[in-house]
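Shared chain: chain A. Partners: chain B in the first complex, chain C in the second.
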Partner chain A sequence: MTAQEVRLCGLLLQEHFGEVVERIGTHLLRGGAQNLRTIANETNTPLDLVKKSLCVLVQHGACEFGSGRRGPGSPVEYRANCERVLRVLRYPRYIYTAKTLYGDTGELIVEEVLQRGHMTMSNTVKTVADRLTHNMEEGRSMEYSEVVSAFSKLVETHFLQRCPPVAEMGTAASSTTPATPSTPAAPASTAPPTAESNPDCYKLPHVTLIGRGKRRRSSDDSEEQRGGKKAKMEVESCGDEGIYWQVNFERFHQHFRDQAVISAVASKLDQTSSEIVRTMLRMSEVTTTQTAAYTQPLSANEIFRSLPPNYSISRPILDQYLSLLVDDPMEFVGKSGDSGGGMYVVNLQRALANLARATLESVVQERFGSRSARIFRLLLRKRHLEQKQVEDFAMIPAKEAKDMLYTLLSENLVQLQEIPKTPDHAPSRTFYLYTVNQLPTARLLLQHCYKTVANLIERRLFETKENKRLLEKSQRIEAILASLQASGAEPEQLTEVEEMITAPERQQLEALRHHINKLDSTENQVDETVFLLESYIFSTKTK
Partner chain B sequence: MADVKVKKESSDPVDIENRIKALCQQFPHGITDQVIQNDMPHLEAQQRAMAINRLLSLGQLDLLRNSSGLLYRMKDAQTASKMKGSDNQEKLVYQVIEDAGNKGIWSRDIRYKSNLPLTEINKILKNLESKKLIKAVKSVAASKKKVYMLYNLQPDRSVTGGAWYSDQDFESEFVEVLNQQCFKFLQSKAEAARDSKQNPMVQRNSSFATSHEVWKYICELGISKVDLSMEDIETILNTLIYDGKVEMTIIAAKEGTVGSVDGQMKLYRGVNPIIQPTGLVKAPCGLCPVFDDCHEGGEISPSNCVYMAEWLDF
Partner chain C sequence: MAGRGRGRGRGQMTFNLEDLGIGRGDSLPPTTFKPSPLFPPMPVQPVPLQTGEEVEYMLALKQELRAANKTLPFYIRRAAPKRDVDRYSDKYQSGDPKDSAIEWSPGHPPQVKQPKKPLVGKEEILTKLETLEKNEEAVNSEEEEDGEKKKTNEEEEQPEEEDYEEDFEEDTDYIMSYFDNGEEFGGDSDDNMDEATY
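Right after this comes the complex of A and B.
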């Protein structure tokens, strides 16, 4: 956890869960695993507040608990998961993807599960049906069965999964001990069970949900409340108690990665090649593990059969496209054998490396200009070069080339390697070679991205705070307007109330709204870069 | 008993010199000491040496060294006349410069080779330059360094930098223009191939252009005052590769097909970038020059960032 990551996590926790949770969360992130007492003492928060915030964090999967360092008898320790908190930034992208794939129903399901962390299926279905019914016209309501079908589709394609079962504390066999080697008394430390280790993780429970969504009317509020209390008393058990569902982030990430690869192929080659790659990726969706370097080999016959029907290309043309994809210097697709008309794999690791490289080059180009980008690409290709060689290959005058190289060096995007000719490293008798290392540079840019997002969020909060008075006034006016309209006022009264906001104030409000929207959308755009770089770094780690 | 004196041929110094000169003309490649000795066996070593020295100082003989010893060669009559009036030192310096060929020689190196003091060297160099026997050429590698070479020699490529340098200045605009022209040519070829809507193999192959084709196109365009060789065009195309706009493949070609070098041909093709400009650069922080100094509560912070304020109002 770097300082930038902790800062960003703090901002995200504060925005989504409030100050108390933010305090506890950042304390846990900074301090590692701690037990309850320590947290309460060091953050000076009352014990029950600490308990509540820990509950919130655990509910969302941002915090794990396990038995302490001194063995099964010691107090429980809590550990915060930095990565999981950073995922909060990506929620809009997940919801949007669900919308494009499964329509409004899917979008609402994913949104509800993301907001609550863990939810049972019946709960989700009821809430989503109610929300959809609320937005529909009078007299129509949403069938539960439609929502259930959308839910089951999401589970089938692994976008939703069951939460891992929480082991009993103290039982030897299944305790989720952190892997501390200093406790020989503890049982063979197993890694905390992931969701995937549960064989039932994608099995839908047998639940009969029949009914329709209820429309909530504002006039029935008071009745509803009483009715609601009564409903809570008679808990209708739908048969799936204890089975909680969560969003499978890895699957969404796989989907984003596939999208990035397909769009890269489309812009480099053409539309048909990208369709072929899309087919190949779709066929290996559920068979490829998240960390695989290649997809499973697919034969050309299978690919031909699975092409979408509106893309009727003949078999020899398909073969030509496949061989073109294999020959391309970007190496998106590789050939692994000749049986079945040729076995082809998609090189996921190479594709991610290429995408990360293009990201680095694009940052250098936008920040320093196209000539510096030329030098950067040259160094990426040729690995180590002397000053003179850089000038010659890039065909840039010596003075300018020197200047650009030194700027890049000061920003740490380019490194200098010394090769001494004599044992005393005298500068006049040493070779100085410039080089670019892709992986460390990617990590550096990732930290920059985190800082950028944190800056954008802070600016947004600042803008909101600056104009708080104005926002409150406009909210009051809107509330007055709404109540007047509901009680049937005359148009003159309405216009009178509207005029309480002056024109310059209205302009200011408009500008504020525009600013906040812009900041929000830019956060999402920077998050795309974060995703590419994170995937690349992760793919190089597991070797 | 009277000493019988062996009658010596009268060895007039001028005669000796003339004999040596005649020998030289007989052997235009040069004669060794041995040859002179064989010819005039009665000559003492001292007299021989004196004669040779005189000829050398008169500038009529050239002293060379080869693996087996010293050679004397007849000097060209024309150059001999040129050097008349110059003294020994000048001739020495001239010789040293001539030996350097068309790469030229730096004044410090002249000093090492001739063992003359700096002031003398400078005087001699000025003299020779005014007589239009040598010239100074500025080296492109180190702009303050001047190398000297014979007046009528063409300086070597490494000194002037070749086609890209004119008068010691790197012609960046020329390179830029060539860069863009090559790129446009390759791009239009790729687009024509894409629009032809044939099967993909043919499409791809027709979007390639060999380096020879590009060279011909540039020559026909006539934007270059200097003659450009195929290697020059290839260096320009390499810069396009480093710009990420072009990719290259090498294929094996039959010897004798036009443009092939050592049985290979280089093919170039215009390409599109694989991603759009990345998200980070859409935020002002991605391009900010004071990014590292910015933190909350400091002089430069997100709340009072000028760049952000401008960008938000855009």
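Right after this comes the complex of A and C.
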């Protein structure tokens, strides 16, 4: 947990859950596993607020609890999960992906589950149906069965999963939970069970939900309340109490990674090759594990059969495309055998490494110019070079090459490696070689990205605070306008109310909205880079 | 005699400057005297942001999520600090939460007693949450009691002050209402000069 990560997590927690949760969350992130009393004392927060914040964090999967370090008798300790908090930045991307794959229903389901952390299926279905009904025209409402079918599709493709059962603490006798270790005597010896370790992880509960979405009307409030109470009684009788669902982030990340690889192939080669790679990835979706370096080998015959029907290319052309892909220096596709017309794999790890390398190169190019980028690419390719060799290979005059190298060195993108000729390391008899290590540089850039996003959020909060008075005034006026329009006022009254905001204030508001939109969409874009670098670093960890 | 004949105008170093690329006759860059500025001028402008339907949709999603978070029960606000005196407008303004109680049940109905189900693991988390809720309610009732106690304290203080004032006025042994010191007589006639006094 670096300082930048903790700062960014703090800002995200503050935006989503308030200051109290932010204080508790950052304290846990900085301090590691702690028990309840320690947290309350060190943050000077009343105990009930600490309990509520911990509940919120556990509900969203950002915090785990387990028995203390001193054995089963010690108080429960809580651990915060930095990565999970950083995922909050990517929520819009998850929701948008669900929309492209499963339509509005899927989008709303994923949005609800993301906002609530853990939800039961029946709750989700009812809320989503109500929301969809609200947006539909009068007289139509959404069937529960449609929502249930969208939900089951999401579960089948592993985008949603059951929450892992809680680890047994203390002396609970019955051991019907399949995920916990067999001996209840072993205290927190193993890591807390992940969702994947539960074999029922993707099994839908047997619940029949029949009904339609309810439209919320403001006119008959009292009826709604009575109806609402009755509906609540019905909720409690659904059969899936205790089965909570959460979003499977890893599956979404797999999808994003596949998309990145496909678009890279499309931009480097052409559309047909990207379709071939897309087919290969689709076929190996279920057989590839999360951390696999490459997909399962697929024969050219299988690929030919599974190509989408509108891409009818003949067999020899497919073979040519495949050999082109294999020969490409980016090494997206590799050949692993000759049986079945040629066995081909998609090199996931290498593809990620190449994508990360392209990101690094483009960062250097945008910040320092194309000649520095040339030096950087040269060093990536040739590994170690002396000052003189850099000048020669890059074909840049000595003075400028020296300047650029020193700028890159001061930014830590390039490192100096000393190779002594004599055992006494005399500087006059030592080689000094410039080198670039891809993995540490990627980590450095990732921390820069976290810092960037934190700065963006802070700037947005600052802008909002500066113009708070103006924003409140405009909100009040909008509320007045809405109520006037609802009660049917004349146009003169409306214009009179609208003129309460003067023209310069309107301009200021426009400028403010423009700035905030820019800052927000910049956050989204930086998050795409964060995703690439994180995936690359994660793929190198599990070697 | 040491160092004679080496590059004049620069200090002697133990390694060969040629290796680092600083040849003879080159001048070193000027030394810096202060830390680099907080917002250094950028030599190159950054690439403009992406635009498009996808980007705008995600932007709208992000802003909606931010607004929706404030209404969800997961957004915990501190209790508004009690002001020194209860004001009349408190009855009509209930914006801030009066105490730090939040009325949420984290995803499970609080009153349903579940039959014994094979999912034992869930009961652990449910019992834990139920105990937390009971603690919440206990704290709530404690806070309400505290609130009531504070109110009764304030009410007791006010009659005490009034008693104190009455005691202060009754310095003499005479009952004040019996003795008419003629001040009011003059005051009435000043107000109504038109009417004749009978």
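Simple rule for what comes next: the second predicted complex is superposed on the first by the 511 of 543 C-alpha atoms of A that agree within 3 Å, B and C clash if a C-alpha of one lies under 4 Å from a C-alpha of the other, contacts with A are read in each partner's own complex, and residues count from 1 in each chain.
In this text, contacts are C-beta pairs under 8 Å (C-beta built on N, C-alpha and C of every residue); 3 or more make two chains touch, one makes a residue touch a chain.
It should be emphasised that the depicted structure is a prediction, and the values quoted were computed from it without experimental measurement.
**Q** Let me test your reading of the model: by the given contact rule, A:Ala398 touches which partner, first (chain B), second (chain C), both or neither?
**A** both
**Q** Once chain A of both complexes is superposed, is A:Tyr202 in touch with chain B (first), chain C (second), both, or neither?
**A** After superposing on A, A:Tyr202 lies clear of both chain B and chain C.
**Q** Once the shared chain is lined up, is A:Glu366 touching chain B (first), chain C (second), both, or neither of them?
**A** In the superposed model, A:Glu366 contacts both chain B and chain C.
**Q** According to the stated criteria, A:Tyr91 is in contact with first (chain B), second (chain C), both, or neither; which is it?
**A** The second partner, chain C, only.
**Q** Who does A:Gln387 touch here: chain B (first), chain C (second), both, or neither?
**A** Touch status of A:Gln387: second partner only.
**Q** Once chain A of both complexes is superposed, is A:Lys518 in touch with chain B (first), chain C (second), both, or neither?
**A** So A:Lys518 meets both chain B and chain C here.
**Q** Would you check which partner chain A:Trp245 touches, where first means chain B only, second means chain C only, and both and neither mean what they say?
**A** neither
**Q** Who does A:Tyr432 touch here: chain B (first), chain C (second), both, or neither?
**A** Only chain C; A:Tyr432 stays clear of chain B.
**Q** Counting only touches as set out at the top, which of chain B and chain C does A:Glu15 meet: first, second, both, neither?
**A** The second partner, chain C, only.
**Q** Does any part of chain A touch chain B in one structure and chain C in the other, and if so which residues?
**A** Shared contact residues on chain A: 366-367, 398, 518, 522, 524-525.
**Q** Would you pull the chain A residues touching chain C in the complex into a rising list?
**A** Within the complex, chain A touches chain C at residues 15-21, 46-49, 51-53, 55-56, 59-60, 91-93, 95-96, 111, 115-120, 123, 165-169, 172, 174-177, 179-180, 232, 235-236, 241-244, 366-369, 387-388, 398-399, 401-402, 405, 426-428, 430, 432, 517-518, 520-525.
**Q** Please output the residues of chain B touching chain A within their complex, sorted ascending.
**A** 164, 170, 172, 175, 179, 194, 199-201, 204, 235-236, 238-239, 241-244, 247, 249, 271-275, 277-283, 285-287, 291, 294, 296, 301-303, 305, 308, 312-313
**Q** Give every residue of chain A touching chain B within the complex, in rising order.
**A** Listed in rising order, the residues are 260, 263-264, 267-268, 270, 272-273, 317, 320-321, 323-324, 329-330, 354-355, 358-359, 361-363, 365-367, 370, 373-375, 377-378, 381, 393-398, 445, 448-449, 451-452, 454-456, 458-459, 462, 511, 514-515, 518-519, 522, 524-530, 532.
**Q** How about chain C: which of its residues touch chain A in the complex?
**A** These residues of chain C touch chain A: 13-16, 19-23, 26, 43-44, 46-47, 49-50, 54-59, 61-63, 65-66, 68-69, 72, 74-78, 100-102, 106-109, 112, 114, 117-126, 129, 132, 135-136, 139.
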